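Labels for the chains are A, B, C and D, by order of writing; each one numbers its residues from 1.
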Amino acid sequence: MVANRILGNEGVVDAFGHISIRRPENPERYFLACSRSPGLVKEDDIVEFDLDSNRLDGTNRAIYAERFIHGCVYKARPDVMSVCHSHAHAVVPFTVTNTPIEPIWVMASGSGAGVPNWDIRDEFPNEGTMLVVNDATGRSLAKTLGAGRVCLLRGHGAVIATSELKATVMASIGLMCNAAMLIQAHTLSQGRGDAAVKHLSPAEIESTNKILLGPLGLDRAWEYWRVRAGFPARDESR
Amino acid sequence: MVANRILGNEGVVDAFGHISIRRPENPERYFLACSRSPGLVKEDDIVEFDLDSNRLDGTNRAIYAERFIHGCVYKARPDVMSVCHSHAHAVVPFTVTNTPIEPIWVMASGSGAGVPNWDIRDEFPNEGTMLVVNDATGRSLAKTLGAGRVCLLRGHGAVIATSELKATVMASIGLMCNAAMLIQAHTLSQGRGDAAVKHLSPAEIESTNKILLGPLGLDRAWEYWRVRAGFPARDESR
Amino acid sequence: MVANRILGNEGVVDAFGHISIRRPENPERYFLACSRSPGLVKEDDIVEFDLDSNRLDGTNRAIYAERFIHGCVYKARPDVMSVCHSHAHAVVPFTVTNTPIEPIWVMASGSGAGVPNWDIRDEFPNEGTMLVVNDATGRSLAKTLGAGRVCLLRGHGAVIATSELKATVMASIGLMCNAAMLIQAHTLSQGRGDAAVKHLSPAEIESTNKILLGPLGLDRAWEYWRVRAGFPARDESR
Amino acid sequence: MVANRILGNEGVVDAFGHISIRRPENPERYFLACSRSPGLVKEDDIVEFDLDSNRLDGTNRAIYAERFIHGCVYKARPDVMSVCHSHAHAVVPFTVTNTPIEPIWVMASGSGAGVPNWDIRDEFPNEGTMLVVNDATGRSLAKTLGAGRVCLLRGHGAVIATSELKATVMASIGLMCNAAMLIQAHTLSQGRGDAAVKHLSPAEIESTNKILLGPLGLDRAWEYWRVRAGFPARDESR
């Protein structure tokens, strides 16, 4: 619940977008909010799903049409414990151009290098659909994500998947901040040749992630986001 | 009233700009606020007009000089039930350049493809006027809008017209967000050729609008905007 | 006092920048705040000066070093009743490049066309000064302002001078918003040739200003800015 | 403590970044917060360190891994009394491109001309590290800073070091604002040749700093930042 509100407050999601966790004691289940903007989610809005994204709450309140993003990633990636579907505005320009969204900022190393861009048109050219509302499109997206932590969705947003809720939030916010900085770096480098933008090297990404996605990095950042989203600093609820 | 405050809060309008609805039980009438910034409008600021934009409230408080935008669109388009005159800052750069404001983001499909840009100079070159303060300029604008949902106004803003208040708000906010993203996409694609920016296809626009402008999309977004504008989440007043 | 707080709230000024009015009943005097950020100014921070910018308050509290901007404009321009020294961040890029800050947006017509850019180096090349802290630099600036409403200061900000406090605020905010939009318009027009950015014509500027800088425009906008700055909507204090 | 909160509020730091002061009565000691986002720091979060960045507080609460930035600058620069490690987002694009971050704005003269950009890869190419978590990397950084006030860190942020806490805050905020403006100036000057962006001259920087980094400039700005960060205006606590 806290994670939902943090993402809403930082601008990773707006009216749309969502975040889920796999059920710790049962890897065949995941938790996701019902159909509300994440910034408004309350404790009792959380719904349990199986990995085919069937609801298990026995109610009929509205649920996210795009929950298949979560179910399909959990099916394809046993190591993933938390999935975010980001609508961060700064990320979208990279999904509709051929400019790679490589990490240039140390705090954004969570996304890793070589982030793929899934275009729903490639496998589903005749349907005109843009939304991941069934298992077939969800499987296609999970395949493009592969073994990575981040995959862009053309004209739409991104998926972020890691082994821990806080790391998923860190990578989602890092991706968004990095996107905004990278757009500005390209403004500066124009007329000077593309090579002028220095990306983090694979070794730098790996080395930084050991600290950033470890307890020292995650705890400091989590406290910061909690307070900004209106929660008390020290409590550990999520 | 809620719609006025939402538009003010999201930045679609500033001190200027406005939103109206056609009177449901009498298509020859529409409701629009008196001359106040939409973000400040209160219940009893709403005034009734006929389609020639004559006031029917029997008072003499100040009213919008540009109310003719609304009257003329309602006259030309029986299917339209709600009209927004947007002053969103991110939209204006597209009105003064030749760059089309095509939707690149799934949440912005409400504007449709091929958005026209009305330049008041084209039909009224000798008057120097920029404001739509009479029936002649309003008719000209409505003609350029044609059968679409969105028309830009050169050096000024945009008009958004749909069959429902919530859809007009959705399309107005989508247009603004898409504009900001598209400016950034052009920054990224410079030096790589214009073709690098991928627009939504007509089939994608149509397919997405079925969900986005249907109850699932509109209700989730409406709740989100209501709360951001300071209203309680669940109430259905507009 | 309200005007100070409005400018602080809208971002026209930050820790620095200021706004003054000429004393209505004595054109040889003007009122300006003591040395505080305009957003923090209170009623009893206002100090009276003569047109040589000598203080008349008999205290020794700190006052603005750059008050000579105001005194020199009032001396050179009997028609001017209110002067703003803007630090709006969006304006500064135009002061250090050769791109003219022509109005493209109808709400920004207050600045007029052909805004000059005063470079203190031109007349004072050997002093290294950037601040207008004496009569000589103030006179030079007023000369460049000429008969217009707006003059940029290279590497610094702008001066806005009109016949009325509210009109000075309107022109200051319009200049800032127009600057932000014009930067984006240039992003869009790059690779398409400069001619693609359409400025308001002189006739459009003149025609719009009749409404915008008249009571209908100023009162609606003033109420909007007042409320945003935390004042009640209807009171007429300034 | 106030300085921490100001930097958090203005966006110079986010979850990461920090500011320290040298102990006035013992130049072999400095004060720095424990491992929390600066915007959340409270009075009793401040920890004392020696110049080798060993903690002297006898507790085991988490401390900043990058405290060596501070210790190494204090060792190398006896004149420095306060050090800020900035994470300002607007600065990062300059650290990954070859565009110099020269001051163009009078309020940003605190950084001086010729700001160097330290790339940790240059001296430590095989470790993949990006963080300054030991004396060796800290010494390398301090060497690149040299006798100046500001040094960029590639892909990371900046270090700002001056003879006074308030001046360090002023230079940190000025650096950030100047970065944002300079990106926009480059947008405007593209297609017109780089020479079109006018930097402050060395004489202008020196002349302005006499006022800006003196009591008149620092006190006015400090009051402004204090109030924005939620503190009362007049108190002198830091």
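Note that contacts are C-beta pairs under 8 Å (C-beta built on N, C-alpha and C of every residue); 3 or more make two chains touch, one makes a residue touch a chain.
Computed from a predicted model, the values in this text were never measured in an experiment.
The rotation that brings the Cα trace of chain B onto that of chain C spans 90°, given to the nearest 5.
Per-chain CA centroids place chain A at a distance of 31 Å from chain D.
Taking each chain's centre as the average of its CA atoms, chain B and chain D sit 44 Å apart. Across the assembly, chain D contributes 187, 190 as residues in contact with two or more other chains.
With chains as nodes and touching pairs as edges, the resulting graph is a single ring in which every chain has exactly two contacts.
The set of touching chain pairs reads A-B, A-D, B-C, C-D, using the touch definition from the header. In the complex of the two chains, the chain B residues touching chain C come out as 14-16, 35-37, 39-40, 62, 65, 87, 89-90, 92-94, 96-99, 119, 121, 127-131, 154-156, 183, 186-187, 190, 194. Residues 104-107, 109, 177, 180-182, 184-185, 187-192, 196-201, 203-204, 206-208, 211, 216, 219-221, 223-225, 227, 233 of chain C touch chain B in their complex.
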